[in-house]
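This report refers to the structure that appears directly beneath it.
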Amino acid sequence: MLSARIHKYQSLVIENIEKPAISRGDQVLVKVGATGLCHSDLHLINGDWKDSIPLELPITPGHEIAGWIEEVGHSVPKGLFNKGDIVAVFGGWGCGVCIHCKSGDEQMCSFVKWPGIMTNGGFAEYVLVDSYRFLVKVKVELQEKEYNNNDKENDGNSTLRIEEIAPLTDAGLTPYRAIKKIRNSLGPGKNIAIVGIGGLGYYAVQYAKILGQSANVIALDRKDDKLQLARTMGADFTINISSQDHQGKQQEQRPLQKRSIREEILRITQGKGVDVVIDCVGTDNTIYDSIRLLSKGGLLVIVGLFGSQIKLPLVPFVLNEYSVIGSLWGNYNELCEVIELAKIAGKLKHNIHSFTLEDINRAISLLKEGKIIGRAVIVPK
Amino acid sequence: MLSARIHKYQSLVIENIEKPAISRGDQVLVKVGATGLCHSDLHLINGDWKDSIPLELPITPGHEIAGWIEEVGHSVPKGLFNKGDIVAVFGGWGCGVCIHCKSGDEQMCSFVKWPGIMTNGGFAEYVLVDSYRFLVKVKVELQEKEYNNNDKENDGNSTLRIEEIAPLTDAGLTPYRAIKKIRNSLGPGKNIAIVGIGGLGYYAVQYAKILGQSANVIALDRKDDKLQLARTMGADFTINISSQDHQGKQQEQRPLQKRSIREEILRITQGKGVDVVIDCVGTDNTIYDSIRLLSKGGLLVIVGLFGSQIKLPLVPFVLNEYSVIGSLWGNYNELCEVIELAKIAGKLKHNIHSFTLEDINRAISLLKEGKIIGRAVIVPK
Amino acid sequence: MLSARIHKYQSLVIENIEKPAISRGDQVLVKVGATGLCHSDLHLINGDWKDSIPLELPITPGHEIAGWIEEVGHSVPKGLFNKGDIVAVFGGWGCGVCIHCKSGDEQMCSFVKWPGIMTNGGFAEYVLVDSYRFLVKVKVELQEKEYNNNDKENDGNSTLRIEEIAPLTDAGLTPYRAIKKIRNSLGPGKNIAIVGIGGLGYYAVQYAKILGQSANVIALDRKDDKLQLARTMGADFTINISSQDHQGKQQEQRPLQKRSIREEILRITQGKGVDVVIDCVGTDNTIYDSIRLLSKGGLLVIVGLFGSQIKLPLVPFVLNEYSVIGSLWGNYNELCEVIELAKIAGKLKHNIHSFTLEDINRAISLLKEGKIIGRAVIVPK
Amino acid sequence: MLSARIHKYQSLVIENIEKPAISRGDQVLVKVGATGLCHSDLHLINGDWKDSIPLELPITPGHEIAGWIEEVGHSVPKGLFNKGDIVAVFGGWGCGVCIHCKSGDEQMCSFVKWPGIMTNGGFAEYVLVDSYRFLVKVKVELQEKEYNNNDKENDGNSTLRIEEIAPLTDAGLTPYRAIKKIRNSLGPGKNIAIVGIGGLGYYAVQYAKILGQSANVIALDRKDDKLQLARTMGADFTINISSQDHQGKQQEQRPLQKRSIREEILRITQGKGVDVVIDCVGTDNTIYDSIRLLSKGGLLVIVGLFGSQIKLPLVPFVLNEYSVIGSLWGNYNELCEVIELAKIAGKLKHNIHSFTLEDINRAISLLKEGKIIGRAVIVPK
């Protein structure tokens, strides 16, 4: 089968290798429909992480996978999956028996195996999934229609495409978990800010509207076109947080400009500040600045990993009872919920760019150059 | 001032009495703008509750009150309220120091004083409020406009009327608390049923949509016009639960008909049952039937008080880990949240019928006859 | 191997049958160390449940199992279990992929398989466990000693016996879950009542002390010797709730006596009532009476299944915001926690009576006759 | 009356001033029984905070106050307080109507008034309390005795002294809130570390045992005598975290030493790390080091304010889903709970040193010199 593999830490090698075979009863062979291309793939391919996460080369990356059941092992419960079923591959392959797995957070397993990193991933025609417990069956039917005859317009639910399912397993899952974690701080009169309207952030805006129970959603980014996208996704307010340097102002004035972001937030929130910030960027600066936007008792959830340090002033942190919360990927049930959302026509908006497996290195270049708006997915054949 | 009072347990006497005067520093005199007419007012006036809740006659009923600040006591913090401010009167006048008051649930206070029941209420030109702590200032300004210039259409937020504010303090508050309590059981792929689309139920449908985080909302009632209203308020599905007797079927077939409601729920929820039922009726039958609609781990929240007994089969209750939860009125912060919602133009829909104070007995007659759809409010002058 | 099986719904047949063999890679063969004898075993053997839970006869009952690893299937992760490891068998054999399994509540799985009911259980020399995911390794070592040299007396942690582990998987697990569910309602100044000091109740008293964060624990039962046991287990107060009929008083006086239980509770709780009742009996009467003991906002958790109906007065239920909560068995992590408790020397007290497999029918007779105080366990030689 | 006041930012002036008089109906005059001396009093007196918290001099400091009702304003509910009642003064004098006050967290009020800082405090014979809503009546009776006749030994509950009550309002309250916040992360098999066994820390150890539901409690400090105290208060394990520098080791070896603290924690927790750290110190170093002790999903709660910055490595923070939580003082209900604990004989241990009002400057000197172990309280007359 065709696959794209890391041999040395350079560009991927597109080559034919043997199709993987089931060797244990609970394994499942999945025919890949689409696999999302993630920034972390670039890091892996470049060897940026070779010291902290040493790979056994050659390896096939790709961890945002959707496809069809090709073959199931003999101990997969009968009838659970049939050949041809559409599946999303949950990426946190946990041990199944530790305290994290047994509370449903398999992605937090201490012995977790990530496809595309610790074992061959989705940039190939087939992927061998360690257990049927990591598959979500996606029933994309016109099911709404039959009930809705008298209640609702049918709105073409059948259009969810496999290219749209793949990124839901990571880019579409991570901000969902982050926002679900803090949904009790949202509701009428509450305010939530999303920092960074990139691949995760544009989903975060949508989830903030869906899970926010009418909280105001404020999107912050350095680029106007991303803020425009945020508005399309439902943001109630937007703030451009770019340094004013490029407008000819000087470095020293930065604190002034900082103050003005906070002032803008206070203006929007009628003096209260935001109840929650979801930081999808995670640079030292965005984190430091985000805490200053919070109201008393406010929460800062960090999902972005671009920086290296969390640095916050202690005294206001304690006096205002702030919290900072790390959030990683999502669990299986959360993936199911994201897919439930995606199945409701019009509920989630996607921005997908498809490339063939042969063309993957071009997709990588475009992503590196910042020319992918939304998500690139690789479609074998 | 003009007031409508209970002298004997008959119709209300409209008469001029002395305007109440502030006698303690934290009291506030409110000029009544509108007071909602509630079924419990009918019970009070009729004397239905004279044994369990003996009134000191004569008394002015009316507990769903909105109005304007007329005068504040000398120990009300300066600047907190100014003459003419629009206020909603929170009805749970708690002692302020018991465990319930100190956790914010003043309506649960053991020494609670209800206006209109234990002290003169809102069917009058003025009402004396026991403490400024029971007032919510309602800022109805065009505030959204100035921020929204580039982000949102201004949509006429200034149109929230005082007649619409009054019923929010009870009819619009009770179902809000009930649904907020169980919001963690809602979300994508979840299902919530609202039983009874009356004065509370039509708000419940709206809150289920707003707090439901994309859960499906299923409205159940015995009347098609109420189900039609539910659809207008956003219900995704509706089920008529009237006994089929009136269609010529016989009493014996009732179990069959019962099964078909459950079957309809299972069909809509793809075999799962609903995660939550909000019972706004609370008859012995609606409660008994509601439990059968639940999925494993399901919750039944009861706010309606039309019946006398909760009767449920024990074994399925335990095996399925069901819960039954009583919910009473709402607290001050929840009232603030409801008002926040109402201030967002188009977010909450109201169905209000206004009567003058002189005309209150006619309003009472219409309510008794079931001819008020939505809420009747009494507007002095 | 020797086993005790149901052939007809009569007494168990002790007979030699073939030792079970692993047929799927994730299965594990466990050499039985001890299996608890539960009231539900009596029901199964008697055929009381043959209509609702039809058994495929012959079958070996017994679902409270502890033992040693004998053999593991080929797909059990290497090193996870070794021959001779002590294991407790978690009884909720869930599908592993449904929403309940994936949130850690496998005992709530819709496709759950109970050992001893749907497949051969623990009244035998060996039991075949469906998956290694249902085993908890019990490390009973002198581990505390090495750390405690300077901190604590070593108190003989090594004495936890396999006969004590077995009942932890059900009798010792069910009340743990029930109390853990409501632990946020406990703490200083709170009060919890345990109704019924039988096999579950005597654990419930202990958990109420451990999880209660200094809440007062009140034990209620009809028998003084059970109340004496409750005091030994740490109950702060005890109340004998036996009807006074058998003391020569008349039926009509029962309400008076009822009132006096409530009065006694109010006296102990300084007029507040209890915050939580755990009903380990679950008759129609205990449920009805329990609700009357609650303080405002109180919770009634039902784990007992002796009755058939929950019957409660509606109006006080809603006005006081009571909740009734069903609680079933426990999940895998909760079992781990119970075992952690049991490993701390002196933390949990057990009351175990051991019988050989050959002697199981005598144990059954004694249990029927109410002569087992605590728990009977069957130990295959 | 005698009082100790700040005139200039130097030592306190002991002088006779006029006894305060009630000027508003809800005020209460309290005869001071004892007032705790806190490190923050030193900062105030020294003028360390004169820029951030400017005082209107002269002012009487002292915010940990217990005493007796002397006189109540006319709008205090009749019978709520009588002359001579023992009261603890809750220090978070909130506005009563903001979102924080109305959810029970008056100490978080944006308009909060602290006695001893914004108004005259407790280093005087009398203190004027802004509202009866800030008083907790302390019933110290032999109440347990009458119920316990047959159940429990009476253990001299009457011995709680007013000098012991005063520090409960801050030193004894702050760690209670911190630990109550995270009690859901505690239980059997869990581990909690308390960093810093000072005035707050020795209470924290006790609360960790009481609210910990059998979690292991690990105390960390730089001094062996404080660790000895922690063991007396119930700590299961203790670790001396002093840098090894002063034992003649070199700076470069510090990382090694750091690693060894973590190794010690891993050894105690069997490789897991602790689920919670309560940092009662809050220096940049304790915070940085604490995060490294956490297990996956671990929580760091900061109550100490000795440092200026929170500095944490980002990537492990997110990958392990850590949280950092600020916790400030406590609320009224939490104070009630602390007092409930203190009323149970033997439940809380106190370490109190009493000084007369005339002798306050000596107490201050001793506290400055680190010679107060436990808490100094000032007792007028």
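Which chain is which? They are A, B, C and D, in the order written, and residues in each are numbered from 1.
Here is the rule we use: a residue touches a chain if its C-beta (ideal position, glycine included) is under 8 Å from a C-beta of that chain, and two chains touch if they have at least 3 such contacts.
Every value quoted in this text rests on a predicted model; they were computed, and no experiment measured them.
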Shared touching partners of chain A and chain D are B, C
Comparing B-D with A-B, the one with more C-beta contacts is A-B
Per the C-alpha centroid definition, the whole-Å distance linking chain B and chain C comes out as 42
Per the C-alpha centroid definition, the whole-Å distance linking chain A and chain B comes out as 40
By the touch definition above, chain A meets two or more other chains at residues 336
The chain D residues in contact with chain B across the complex are 24-26, 74-75, 77, 80, 95-97, 99, 102-104, 132-133, 135, 331-333, 336
Residue set of chain B touching chain A in the complex reads 143, 147-148, 151-152, 180, 183-184, 187-189, 210-211, 213-214, 231, 235-238, 267-268, 270, 336-338, 340-341, 344, 347
Within their complex, chain B touches chain C through residues 100, 105, 108, 110, 282, 284, 287, 296-297, 302-303, 305, 307-315, 317-328
